[in-house]
Amino acid sequence: MKKKVVNKQFITVIVAGLLVLTFTGVGSAADTIKMGVGGAHSGDLASYGLPIVKAVKLVAEDVNAKGGILGKQVEVIAEDDVCKPEVATNTATKLVSQGVTVVVGHVCSGATKAAMDIYKDAKVVAMSGSATNPDLTQSGKYPNFFRTIASDDAQAKLEVDFALDVLKLKKIAVLHDKGDYGKGLAEFAKTFIEKSGKAQVVLFEGITPGAVDYSSVVNKVKKAGAEAIIFGGYHPEASKIVSEMRKSKMKIAFISDDGVKDETFIKVAGKYAEGVYATGPKDTSTNPLDKAVKEAYKKAYGEDVGVFSINGYAAAQALLNAIQKAGSTDYDAIVKALRTEQVDTPLGKIKFDDRGDAIGVGFSVYQVKDGKYVELKN
Amino acid sequence: MEYFFELFLGGLTRGSIYALIALGYTMVYGIIELINFAHGEIYMIGAFTALIVASVLTVMGLNEFAILVLASIAAAVYSAAYGYTVEKIAYKPLRHAPRLSPLISAIGMSIFLQNYVLLAQTSDFLPFPSLIPDFEFWEPYSHLLRSTQLVILVTTTVIMVLLTLLIKYTKIGKAMRATAQDRSMAMLVGVNVNQVISMTFVIGSCLAAVGGVLIASHIGQINFFIGFIAGIKAFTAAVLGGVGSIPGAVLGSLILGLTESFATGYVSSDYEDVFAFALLVLILIFRPAGLLGRSTMQKV
Amino acid sequence: METILEVNGLTMDFGGLRALDHLNIDIRRGEIVALIGPNGAGKTTFFNCITGIYLPTQGDIIISPPKAEGTHKRERINGLKPNQVTEKGMARTFQNIRLFPNMTVLENVMIGRHCRTRAGVAGAIFRNRAMVREEQSIVDDSFRVLEKIGLARYVNDQARNLPYGAQRLLEIARALATEPFLILLDEPAAGMNPQETHELDELITRIRDDEGISILLIEHDMKLVMSLSNRIFVMDYGKKIAQGTPEEIRNNPVVIKAYLGEEIDA
Amino acid sequence: MMPTLSEIKKSFLVSLWFMFLTFPIMVIRVNTTEKLVLWRWENMAYMGIGSFLLSFVWRYMLWRKETGKKDSESGTLQLPSFFERILSDRRYIVPATAAGIALVAIFPFVMDTYQTNIMITALMYIVLGLGLNIVVGLAGLLDLGYVAFYAVGAYTYGLLNHHFGLGFWTVLPIGAVMGAFFGILLGFPVLRLRGDYLAIVTLGFGEIIRLILENWNEFSFGPSGIAQIARPSLFGIQLSLSSSIIYLYFVMIGMVLFTIFVVNRLQNSRIGRAWIALREDEVACQAMGIDKTRTKLTAFALGATWAGMVGVIFAAKTTFINPASFTFLESAMILAIVVLGGMGSIVGVSIAALILILLPEYLRAFSEFRMLIFGAIMVIMMVFRPQGIVANVRRSYKFQPDKHS
């Protein structure tokens, strides 16, 4: 009697499994070079991921129009990871199952870390245009990882140097949004300030994203006597804090990161955005390649490039170039080519160091002037 | 001392914001003993409606005052309509179901409405026009309390007084109290209970809409998720004060706002939410009915 | 006969309202005792106090469960939880039927066996021999109770699908399954037709006679009360206003006054 | 049921109401900075037509539910669902069992690693659903912070593996114990709260755990999480990616079977009956001699145990964990599985987990609507079929009449 009950339930589970399986299909193998693109393509972070897919597709079309690589066409396979680590492992296995040689991605650092282990086992090279977590290159745990964007510590260093050397500040409050990116960056900033010995961190604190009011934190900064805030996080919280500060007549400097160096920040914060400093990838708009890509992008999709489009574009170029130079899709050959062969991208001529960071890619400081981010030359 | 005062006023503002949302929770709970999880989303929809209407009117070139009035009215009307519809769809068919059913239905509604706005509008933060203009009123102390904060405090107080009067002296208010005490008895003496419940949702939703407009102009931006966090906090506040009690909701909100503000100011904002929830757990352990809630004997 | 339940000066205040006022009640072994009084007199509150659902404001509730050797121990049970009271041997039914509607009739009774059995999580998972035996005994004992009450034909039906009268009986069966020495019945005949009431009368007598279980019941059906009870307590406004045999109560002027306006159909 | 004129009129009014209701959100799209307004009138037309038709369906379903209720009151049972009909027919059971076992056994060898990986995720949610089912479905305690115990399990493995190199199989039981421990830790203070207060406090607890993991860097590495957690090893041998996925798949199959076995035994035991009685009527349950607090605590601890174990598996599968994976939405998703499947029903919960996890994965176009549909499912199920797709049927007992007479 009992046993039957168990069996019955067991079977149903399986029957349902069968039903579901009818939806699946197994990918066919054509003779192309497959390039995966992993990242958030839906959900609230899709605005970071989708422009990268579009940029990568531009590269592929370009290459294919010129006859492909090693006599093969390049096929772009985009898979969504919603920026969640647990989904990213599925995304990564899916890309690996479909036989990708290289991957552009992923977008978020957490998801990237989760996916990298799978790529490593499958001997797939991945290159991100947006994952900035220092561990990815500095820990040595991800030998197959490369990126076309500088890491958070480089950015934090730049912010701190700017605050200490250019603005000559002595007391700094470091705030963050408790997120992976923001908190990591804030911690680097804190360490660099303390190491420099030139200034002190008067406040180090995480704010609660989505809170209805930030006046308490702003008051606390004021009480701490800070001359500037270094904020690690994204633009929604940054604009709330900046508005709150300016409305209560606090005029101290606000220095933040490339999560804030976004046009949306200026749109949302409006007049309060004036004077805010933010670091972001070096301005490459003087590079003719950059201009060409932006035009092509606008022509193809009817919109302006996204935050990380250019970095994604460069990543796709670098990967395809490495395959070309290596003359094969062999993992070791590609890695070697990435480290030795220079490639001309909208970011400039780049190649990669042993850890996987691009040489020649960096950040500069921008300031909001008249409703626009302007690069500060020092 | 000045710092203390700043934190105090900041906490008061926060508390008033929570109160506007908490009132809706507490009214609904008082009448049908349901945690209306979707209430936070009603507040969010109110804010979105105000944003949309204000933007359209701006494009049409109306003056600021007209925009403020029309956008607020639109927000109130639409929030009320959503509150009413949500009740009809998700709660009314469950009037006699076990207690868990409407609660789960409410959670479902909350998730549904969030994603409805996400898909129909956008996931990005949208800048919210400062409908309430900044004005100077007590120089040189304006760094202590900003004009929008003042507006929030005043509006909340006025609404609270109006609501109390409404419940004490009007016919619908009396019907509400009767229904809250004993639904079947109220029905027997001729109260149209369904209508009373609908009205409760409508009034609660209007309050949420006012909250939505005020908070959105204070913070300056909205997205589809603002209702969830504010809703949870407001509900916590309502429970603190004793869910079902209107003065309780206000008291609970102020206490929660002040706790968060002082915790941020004197300890660390890292654990701001932890303080809020820990306070909730403590209160419920030592006073399960909340601060002003009457501990009802179980009817056996 | 020895006293098995002794309630001295029981008082219960709800805020300013005194629902029970220094109530003294005693029940002896093998007795059927009725508690009557107008609506709102505090009868159900009294039940709730002695079964641990309410914590009385003052007074003592003392039980002396009858043991085989006649060695009984007096024990004060104020402040015990309802489940502990049941474990001590006092089980009750509810005025507004409170069955477990989505469980079967048998399972409802099996719940009554809970406090007399011990199987835990590990036993449930591993089903060692002792546990299997215990489970079987729960099933058998419960079925026997159902047969005794006359509900055996409903054994696998869901409780909520039972006819009204049968639901009342099931509550009694469930209480019986906890092996009580005293059963508290809260208006067991409410909503029953005369035929069912008559059967209930017989059933209650049988429970007392066969099992030696004492019975305390709240009831409005005076005919039933008068025919069943050995003694009757009368309450009004939280106070005991009279006690005695049915004959005494019937002729007590205080009782008649309390019921003025209410008809005594006896 | 032919739509009469009054029905049509009713639906027409409903459709007008919804067109009004959804007007600002669905039709107008504003760009506040560029001062542009986009009018999407076509959405209003869709809304109108959609709500017109749906209102018929809605009323028909309500009508069917009402008549169903009447039928069950007069003795006939409620209409069985499609799954219930399949389950009750013997002719399907035997071949289905055989096919099922064969399928489960060959699945990872026929399908590619991606399919297997997805299946592992679905299997994990089956176990999570069954675990939450103990708390919500059987004991009737609405736990909105279930994900906290999941996080506890994941971090138990993550931290022990990171600091001490402990392996998967060592930590799996530790994860279970930690889950149970935290279940009791939370349970003690809150279980005396009423149902809806309990819901909000558990939600708060879930958030507290996540916030602590986010803020306490020294302990949990904060939001950047723990990376490169070891996959499960087979007798100490580290496997390659694809074989380790296949291995994990069979581990999960074993886990699911184990869970079904245990939950099935529990729900027909003394403890299980006490849970259900508690769900049905707390006062009566206590009056029947059941220790409320202890019974609730057992349910809470046991539910948390499964979450703890799946947490360990989660950490081993993703190899990277951070607090962002353990938000309230995760709890809501598991709750949706329990609700859709049918509270207390093992089969129902398993089917629901497969449907809710696998369908969006395969219907990618549909994945944007995933949460929208989850929300709608929770409402619709509660309104029309609160017992879920497979209602929990209580065990029936057979007696020989002569044995006891």
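By letter and in written order, the chains are A, B, C and D; residue numbering begins at 1 in each of them.
Definition applied: a contact is a pair of C-beta atoms (placed from the backbone, for glycine too) under 8 Å apart; a residue touches a chain by one contact, two chains touch by 3 or more.
Predicted, not measured: the structure shown is a model, and the values here were computed from it.
Shared contact partners of chain B and chain C, listed by label, are D.
By number of C-beta pairs in contact, A-D leads over the other of A-D and A-B. Comparing the centres of all chains, each the average of its CA atoms, the largest separation from chain C belongs to A.
Inter-chain centre distance (chain A to chain C, centres taken as mean C-alpha positions): 70 Å.
Computed centre separation for the pair chain A/chain D is 33 angstrom, with centres defined by C-alpha atoms.
Look at where the CA atoms of chain A average out and do the same for chain B: the two points lie 37 Å apart.
Centroids of chain C and chain D (each the mean of its C-alpha atoms) stand 41 Å apart. Among all residues of chain C, those that touch two or more other chains are 53, 94.
Touching of two or more other chains is recorded for residues 126-127, 270, 273, 298, 300 of chain B.
Among the residues of chain D, those in touch with two or more other chains are 32-33, 211, 215, 283, 368, 395. For chain D in complex with chain C, the touching residues are 72-73, 75, 262, 265-266, 269-274, 276-277, 280-281, 283-292, 298, 302, 394-397, 399, 404-405. Residues of chain B touching chain A in their complex: 3, 6-7, 9-11, 13-14, 17-18, 118, 123-127, 134, 142-143, 146, 148-149, 215, 218-221, 223, 225-226, 229-230, 233, 260-261, 264-265, 268-270, 272-273.
By the touch criterion stated above, chain A contacts chain B in their complex at residues 43-44, 46-47, 178, 205-208, 210-213, 215-217, 219-220, 223, 235-236, 239-240, 243, 247-250, 264, 267-270.
Residues 51, 53, 81-83, 86-87, 91-92, 94, 98-104, 106-107, 110-112, 114-117, 119-121, 123-125, 127, 134-135, 138-140, 143-144, 147, 152, 155-156, 158, 161, 174-175, 178 of chain C are the ones touching chain D in the complex. Residues 17, 20-22, 24-26, 28-33, 35-37, 43, 62, 136, 140, 142, 144, 189-190, 192-197, 199-201, 203-205, 207-208, 211-212, 215, 283, 328-329, 332, 335-336, 339, 368-369, 371-372, 374-379, 382-383, 386 of chain D are the ones that touch chain B when the two sit in their complex.
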